[in-house]
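Please go over the structures that come below.
Each of the next two complexes has chain A plus one more chain, namely chain B in the first and chain C in the second.
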Partner chain A sequence: MSTLVVVVASLGYLVLLFGVAYFGDKRALQGRSITNNPFVYALSLAVYCTAWTYYGSVGRATETGLEFITIYLGPTLMAPLWYILLRKMIVIAKSQRINSIADFISARYGKSAFLGSAVTIISIIGIIPYISLQLKAVSFSFDILTQQGGPQAFFEGTSFYQDTAFYITIILAAFTILFGTRHLEVAEKHEGIVAAIAFESIVKLVAFVSVGLFVCFGVFDSPIDLFQQADKIEELRNLFVIDQNHGSQPWTWAWLTLISMSAILFLPRQFHVAVIENKHPNHVNKAIWLFPLYLFVINLFVMPIALGGMMEFSGQNVDADTYVLSLPLAYGNEYLALLVFIGGLSASTSMVIVATNALSIMASSNLLVPLLLRTSAIQGDFVRDVSGRLRSLRRLIIIVILILAYVYFISIGQGTSLVSIGLISFVAVAQFIPSMIGGLFWKDGNMVGAIMGLLAGFMIWAFTLPFASLVQAGIIESELIEKGLWGIDGLRPFALFGMEGMDKVSHSAFWSLLVNAALYVIGSLYGKPSVIGHTQANLFVNIYKYTGGQTESAFFRGKAQFVDIRLMLNRFLGYEHSNDLLNRYARNHNLELEKIKEASPHMVLYAEKLLSGVIGAASARLLVGSVVKEEPINLYEVMNILDETQQLMRYSQELERKSEELRKATLDLQSANERLKEMDALKDEFITTVTHELRTPITSIRSFSNILYDNPALEDEKRAEFLAIIIQESQRISRLINQVLDLEKMESGHADWNLTQLDVGLVVQESVRRLQSLINEQEIKLHLDLPNHLPLIRGDKDRLMQVVINLLSNAIKFCKPDRGVVNVRMVYTDEDLILKVSDNGEGISPEVQPYIFDKFTQFTDHRSGRRQGSGLGLSITWRIVRYHRGSIEVESSPGEGATFTVTLPLSETRRLPMKTPSFNRTP
Partner chain B sequence: MKSNDSASPRVMIVDDEPNIVTAIDFLMQQQGFQTASAYNGAEALRMMEAFQPDLLILDVMMPVMDGYEVASSMRKEDKWAGTKIIFLTAKGAEKDKSQGYGAGADVYLTKPFDNKALVEKVRDSLDLDW
Partner chain C sequence: MRQKTSAKLIGVFLLFATLFNYPILQIWGSEGSLLGIPHLLFSIFALWLAMILCLVFVVERRIVKSGKSKISSQ
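Right, the complex of A and B next:
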């Protein structure tokens, strides 16, 4: 076929592809996304099927039979797990605005810049062979197609400028740059690219199926015919047998399946389409069966094409990797051949575009931006827009990666089959398994473990696969393969520690992953995470607890000048874009952009996330850190906020607090109960005392009544005496009952108080008048000292009179039997009215003084040794005085008499309520 | 001491309620006993030396020294071994009674009392026939 036709067709296809991408972007801008559905998502995942699948599977099948299927078995087995794994990754990536797998791992392990760069370097070194594989496929397919058609002199020669692959590299670089770097903020998604990739997935599927159908029905009569013919040849029959003798061991199957399980999500380009470009986590649900279906269909014709090619080209020197193209050509079906070429081109370009794009994002975010930030090449001036510079940086990286891939291709790739090149990359990417899976589900997995595992795994991989390949290819001269590193037999790259009989890939995968996983666990168990490492671990592992919330700002206390934040965003996102985003933020949070002076922690975090969409988490953190004054937050606080165990601890602290409260309440109840018991005991004692006090007069009354009844002949004098006693004791009973009732009423607050404005002087005079006969009888000298004019107080006249009478009669009772003197004196100040009643008796002993206002504290008559009174008088007096907001005190020393002082506050009594307050206190 | 008849029994009344003392004194004298009265425990113990009572009618709750103390200190001395003690008190609970008997009471009566019952108990205690 003419080169011109092929070139024009290829360019035409690429233009069409660009059109699709343009259309996709345009629709996205109009808000009518064509990629926002699970079918496009599943098709975009099919970027997994590259030239390796397209050409290489057939080649592989001719050597190891069905073994090629492991590369698709892994993803198929993995797909159901996406529901847990992929969805979680998507949610995390969205909430953290993650832009690549390097960013993901770096963010998970404390936004470690070192890890980010390590993952980036591993990815670039690991993926370069894979990209070179695409270059090789496109260039050989181009060569085959054009050699068949016409003059080939144009591309013949040894210089690179005459090499097809070189031009293809340049075209792919240009195309990738055109596609990938139009937008900077990765988190904003490249709808155009996704649309183009999905479109390419259809193209390659259609082309491959067409060849399959052509072989089955064009070359042979039917698939049955094909298989029947193949069955006659033993060599071909054996391709369907899996046993030790045919090079395809179960061991190999297991390892290839495992590494392809990881490749489907952890290859940078797969991570990019599956996680970063994902529109909605729910799209995963359909992709779980759509994507395996795609794999099934595209693999359906691998064996027929392989068998057909082997039969067709038996004995000829035709590379099995080219059967897909060679078969139509052999039958002169040029248009089908062109379609096949275009299909292959689509398989390659989709991979190259997405992979280099993903790697360039990684490299710029994790290698170059941190470097620039640290060397202050960007920090220097804050005003200039660096988004342009970032874009150039990414373009440069794309070119460098493709050049590296090209160099790899011309140095070692040419002599190697497509699949074996690709598998090297798969093992490299499989090194992410421990840190990714551990990072998603094991909170204790930390940066130390991740770094140790990754580096060790990477070194073992590099030693056993690419390095050993270089040696094997004779590029590095060494006896390494036979004699081992430093001549140590245990360090032979294909038989580490003497493990022989495994194929190179399984061997490398086994050792690198074993050491990687072991070190990851050990490092995590013994290493100490940083504060932020702890926080991020929690956010990742428990992402569903935090989505929608603003927990990150709960432990982030950084504040910054809004101007700084704005400048920073302007520079990295471009003025218009950052302005849009800030306006949107302001709208959502009811802020006025012009009025913001200080950016809140929440806003700073938002800015950091926006930035991390452009330059990755680690770099964004570094950059934001330069303008933020972060208040120190200690590990304890972070753990308190986030850590699940800490939350449990908090919960248990809460429980403890509650039980402490409960304990206190119990204690309170107990003491209340004690008090009740005490009060009950007091009540009992009160009742006992009252009963006793009642029994005494009743005893007298009964006894004397009996005496009078039994002795009718009693002389009149005696009779009169006894009757007088009966009357006296009856009065005593009724007095006692009245006092008890009175006291009870006052204590329970049921007493009626008859409050009026009154002159206490008059009350005192009236009381004295009532007791006058008693005073006269006992020949007591009473000194009454009342001012002429007294301020009125508010009070209950009868009860206040009771107070005066109680005090007076006590004084009369206890003053000296002969020459008794009682002084009653009244004075007043601005605040108080003071009444003093004193006698010249024996006084009250100091031990008794504290209790004299208690109920039933009776005074003992020193003369007779007998108690006097009911013991209720002073108690009632105290209560009446207290009711009037006053106080009563006693001063006495033995032999010196006693003075009772009643103080009534003038202002307080004026405010006395009309209603009766309750009195539950005992003095 | 209200009677000088040396043959008749000697009864001492100890109570802090003068009216009750008056009543019991009347009842005892009616029986022809010699009587003495005290208004608290200490006074009673002081007067007993001179009066040498055959029987005490003893209240419990009294100032200075209560009835239990009087009974206990009497029961410690041989010279009062023959002196009968009748508690006459308002404290009627079982524990009060057992405390009273524990202190050395011969009879325990509660107030208010029946005149005839008191006289009867006194006579019984003194082994007197009716």
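Right, the complex of A and C next:
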């Protein structure tokens, strides 16, 4: 095909691409973004598939069979974890206005400028081979298509100006600059680029699938036919066998999967499209299955193309990396070949555009701006448009990176396959795993650990992969590979510490990551983070707690002149843009810009975030530091903040406790109220009862007195009988009144207690004696069971006798008539004296039992149906026993009689005061 | 809900990370073919597709559910 056609087609394609980008930008400006949906997001992630995938996979498949697929299985396996990892990274990046992975790491570890530049340097050195492989792919595909003899042609003595790759480099540089550096504020995103990348993802997929279909159905009859033919050749058959002798080593397989898992998140360009250009964290959800699906489809035809190419070109000197293009050409299908070339071009250009762009943002923010700020080149007093200068800086960086990639390509990239070049970059990027994953989930991971781990990992990588490949390519003359560094056997780059048998990539990944992770952990455990490092760690790890909050400003005490802030923003963001943003800020916070003299810490932070969108967190911090009189927050202030929080927590605890107390008090009050109501009802009942009790004897006294008064001539015998009744009834009244008074005294605490040492046995005997006549009258059998030597207790003899008499007379009263039996028994233990009085009467029904010691509870005599007694006896008894610190209980079931048990504790009664202080009737 | 989805997705990851690696990989790598396609190729792509379906099932069902609950809560 003529060179002119190819050039015109390529340029035409690039113009189309630019059109797509322009359209994307325009729509974004109109507020009708075409990139704000999960499908475009997933397609933009497919920038992962570069010339490596497009040409290189086939080449790799011819050598190691299905091993190439690990590079796509890794990201597929990573996809479900995006839900946790990527979403968190996006939320953090948005809240901190992060503009690259270097910025992310630097911001996480205390906005360290050193760490930012270290990550940048690692990224640039690591990615250059990767970019060079794109240059290689584009140039050889161009040469093949225009039949200039393949990639070997320019190897022999041609100058660079005759070299296709050189012109391709220039065109790509121009194109990237046109694309990437029109806007400055990265946080505002490059909608156009994303649209173009998504478009390119479709182009390369369509082109690759077309070749696949062509090979399966054009060259062969069907895929089955293809596999059957391949099965006849042993060399090809072995590509599909995994056992001891064939297939990739277990270690290689696992390591390739692991490093490609890290690549999909941490490659600077992947971080850029997945995190920085992300429009909404929820877009991740759909990408979780859409992106693996894309990878699935683009890999379907790799094996058929590889097998087809091997059978077609067996014995010929055709580089397997070119099969995708050579196959259609071999069958004279020039249009398909052109489509394939365009597809390959799109795979390469998308990678180059995004990668160089991401690297230039990184380098300008983390390397050049801090350098300029330090040398105070832009700290001058006069206003100057720094934003323009930054833009030129970025363009310069893009050119430098592409030139470096070109140099790498002509010096070492030519002899090696695409995939082996790319894997070098993957291992470099894998060095970010410990500090990124640790930074996201481990609050104690700190700057010391991150720096130690990254630098050590990077050095091991550099020694075992790129440096060793320079030696291998003969660029550095050395016996390093065989004899080791400084002749030390343990320092051979492919067998560090004598570990042999692993392939180069796994070997390098193993050692670098092991040392990296170990140092990260050790450094973090022993190093001390700065205050800002601490804050940032907390903000990153617990991002979901803080999103929407203003936590950062609590730890930031900087104040600045508003003029300075405005000037700074004008310089870096451009005059109009920055004024727009400031006006918006003022509107949102109800401020009048003209009246602001001093910018609040919150406003300073806002400015810092705006700046960090352009120049990165570390630089923004430096810059803001130059105008802000920041009183660095010291430990004392942190303690204060913590103290305040703690105090607040204490207050709320106190409040909780108080309200709990209040709740309890209310409950107590309620129950007290209930009791009062009950007692009130009881009182009413008592008055009725007492009145009734008083009225009965008074009525009889009055009627008998009347009879005596009206009949003076009454016979003596009758008169004596009536007088006896009157006396008896009067006694009953006075007894009742005495009891009421007694009870009242005890309740109010005014009772007199006459305490002496006494023998309760004697008290019982005396009580029995007093009731003897009653017992005889009722014909009751009394069993008295008293031990000989009872311990003395301290108590009031008269009152205790009252207790015994009450209990005994109750027992007598309720005994079975004629066959009454009353048992009185006393026992004692070391602690207690126990008196039991039981009868064989009707017993007390369970419903009444709980109330029998309450006042005015009267027993109904089943024989007479009348209520017996005043209802005060047991109540008084209970009070006397309680006074002696004892207890009284009743056991009874209806028909079985009742047993009253009085327990008097010996030790407690000894402690009773010898004499009550008031109303003492001293003997 | 979020926690549950995370757990399910981690589960999918662990399952397929095991299936796609040694020593289980060797089971798929035997000689012979299925429907005219070599064993290894067939099983890796079949597993790959199965994994994508699992992801669709977990992620999309979550979206459908949360969408429904939004409507019902309004």
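Criterion: the second predicted complex is superposed on the first by the 618 of 923 C-alpha atoms of A that agree within 3 Å, B and C clash if a C-alpha of one lies under 4 Å from a C-alpha of the other, contacts with A are read in each partner's own complex, and residues count from 1 in each chain.
The rule we apply is simple: a contact is a pair of C-beta atoms (placed from the backbone, for glycine too) under 8 Å apart; a residue touches a chain by one contact, two chains touch by 3 or more.
This one's a predicted model, so the numbers in the text were calculated from it and none came from an experiment.
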Partner chain(s) touched by A:S845 [first = chain B, second = chain C, both, neither]: neither
First (chain B), second (chain C), both or neither touched by A:F227: second
Which of chain B and chain C A:M303 touches, first, second, both or neither: second
Superposed model, chain A: greater residue contact from chain B or chain C: C
First, second, both or neither for A:H692, with chain B first and chain C second: first
Which of chain B and chain C A:L66 touches, first, second, both or neither: second
Which superposed partner A:I725 touches (first chain B, second chain C, both, neither): first
Touching partner for A:S703 - first (chain B), second (chain C), both, neither: first
Touched partner set for A:Q772, first chain B, second chain C, both or neither: neither
Chain B and chain C contact sites that coincide on chain A, given as residue numbers: none
Of all residues in chain A, those that touch chain C in their complex: 65-66, 69, 73, 76-81, 83-84, 223-224, 227-228, 231, 237, 240-243, 247, 250, 253-254, 257, 285-286, 288-289, 292-293, 296, 300, 303
Residues of chain B touching chain A in the complex: 16-20, 22-24, 26-27, 30, 39-40, 42-43, 61, 63-64, 90-91, 111-116
Residues on chain A engaged by chain B in the complex (per definition of touch): 691-692, 695-696, 698-704, 706-707, 710-711, 718, 725, 728-729, 860, 864-867
Touching residues on chain C, where the partner in the complex is chain A: 5-6, 9-10, 12-13, 16-17, 20-23, 25-26, 28-31, 33, 35-41, 44-45, 48-49, 51-52, 55-56, 58-60, 62-63
